[in-house]
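Got a structure here, written out as structure tokens. Questions coming.
Chain naming follows the written order as A, B, C, D, E and F, and within any one chain the residues start at number 1.
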């Protein structure tokens, strides 16, 4: 698959989530979920994250807000770690989640704070 | 109510949504919804938008992403207009909603693009 | 269909939403949506609203909170009118929606207040 | 953009939603929403609808169920019309929405029946 | 309770989820949750799954799509296992979840793939 | 912070969730999540729970319904325990969750019953 969007996506995904994590995901993929790995890499990380106009730090903050509202703890924890890699500070993450508490409701805010603290512990932030 | 958080909230709310709009909202309020007007002004615009660390432009983008995901078209249209006031460009709004399409799903993205175009027309952007 | 749960549901549905409204719904039903009318009457109004332990006033308040959070404006307006019939006062409706604003987020609260005011106007409350 | 996934997507999108509708969407696109039109065509209609294993009729039914649950009335109406084009009968649409009522809640079911009836009227089904 | 809808529901529920699982659920029920067991068996499995027009395989796929979108991992895992019993292949499950990724968002898709793999392992599929 | 709304919120929060739990939450707070603890205490527990018109028992039932619909298991379990403290009986909790099953869907109901049983076990109810 010599697909430039896929290639760009793979590079960005590795830079945000860590090369090791991404390589392990592909290595662990089987016929069942490989098409999902490819779709995510190409469209999510290539076709959208690969666009200009917004920098990665801003995209990370948007994801924290959205994934909190969408209530997806596994993905949220991964994107908290990615946000730190993209230069979002802990203080800025706190501000995003306070805003989540107001707009998506206090339970969404409380859950997101708890998940962020777990993420910080796991990466020693 | 000489409440500094409320006062700060009122000022920020006016600067983002327009003084006329906010004054009309309070003038139209009755015993039923005045407590809601006050809560929103203090809690939302004072206690959170009034915080530092994130600038208004970033907070506007976070709101566009979240309110799209939360599926609230009335509020989204108002915040598209507020985002323009806070310096978010049309190109940046487009990027936010492309990212919404990936993370919150294509129907959320399509709806948000349609609402944004209505908002642009209403304010001549 | 001599089904006691259906019969009880029909009676309760009429008492909450108005006999005229319910009869019109059944009269307007065709082969496409009659099974839905029947399911809702039996399952929703008979098997759950027909239970004891919680009175209708409490069930109405629970519905206002849930249907706000679920973001279903048509159903919410209908249940605001039903709540008034079940003895929920305007002041109590306001309290439910302030609590919605905190737990389901400010946009959910703002939408619900607007819908409630429309409902009040339509029934002259 | 000589992109085979895009081309396949464009063809499928036209076959499901109508060539006229799709051409009008592209003709009406401006710099703001053209990237969204392209993303949807390639990603949604090419990379997923273009896959085999599930036929279009099944994909249409899945979309009716999901878009009901996701609460997106504009998109739902469009996909009801698309479902009829893909050979889903009115009886089958009714069954999908009865199942929605149980799993996504009665308000989601009621809303979907109402939208479906509007769609049927608009296409004379 | 000689209720034909309940009886039909009990039979279908056992055939999809396994007789042992269902019997254990009823045996473990107490005064608190027995009414829920009965409601689910009668309305969900009897009044809806017991209808004709759509076969069980199609209903299983609809449930996978909806329960993914609704974000209920416990129920999703159970219905992945039920889908295998109803003749949905692993390839078809993959297709459903790719479509979920597009319409309900990538985090919903990623979560559903992970849950499906856990379900496959637990039943040795 | 001599803020009467905060002080009232702190008192109510302790009475519903237990003084020990609340004190531990504040003691465990760091610069990251202390502002969230303060926001929740002041606005959620002071500015809304501190209002009159609805008693605590009713507010607890509203929260059970909403937090079930919003799909936040951690918060739901905590509010099941709080509901027992506020005088909501197990039978009434059952009724709330049966109503959730109808309006927010059967998976929401099933999840809530499971979480409630865990909460009952943890507090020996």
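The working rule: a residue touches a chain if its C-beta (ideal position, glycine included) is under 8 Å from a C-beta of that chain, and two chains touch if they have at least 3 such contacts.
None of these values were measured; they are calculated from a predicted model.
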**OP:** Find out how few touching-chain steps suffice to connect subunit A with subunit E.
**Re:** 1
**OP:** Sharing over half of the contact pairs with B-F by residue number is what counts; pick that pair out of A-E, A-D or A-B.
**Re:** A-D
Original post:
At the subunit D/subunit F interface, shared numbers over all numbers used: above half (same) or below half (different)?
Top reply: same
Original post:
CA centre of subunit C versus CA centre of subunit E: separation in Å?
Top reply: 28
Original post:
How far is the middle of subunit A from the middle of subunit C, if each middle is the mean of its Cα atoms, in Å?
Top reply: 39
Original post:
Approximately how many whole Å separate the CA-defined centres of subunit C and subunit F?
Top reply: 24
Subject >> Contacts with two or more other chains, residues of subunit B listed in rising order >> reply: 35, 39, 43-44, 47-48, 51, 67, 70-71, 94, 98, 101-108
Original post:
Can you list the residues on subunit E that touch subunit D in the complex?
Top reply: 43-44, 47-48, 51, 53-54, 58-59, 61-63, 65-70, 91-92, 94-96, 98-104
**OP:** Show which residues of subunit D lie in contact with subunit B when the two form their complex.
**Re:** 32-33, 35-36, 39-40, 43-44, 67, 70-72, 74-75
**OP:** Provide the residue numbers of subunit F that touch subunit D in the complex, in ascending order.
**Re:** 102-108
**OP:** State the interface residues of subunit F toward subunit B in the complex, per the touch definition above.
**Re:** 35, 39, 42-43, 47-48, 51
**OP:** Provide the residue numbers of subunit D that touch subunit C in the complex, in ascending order.
**Re:** 71, 90, 93-94, 97-98, 101, 105-111, 113-114, 116-117, 120
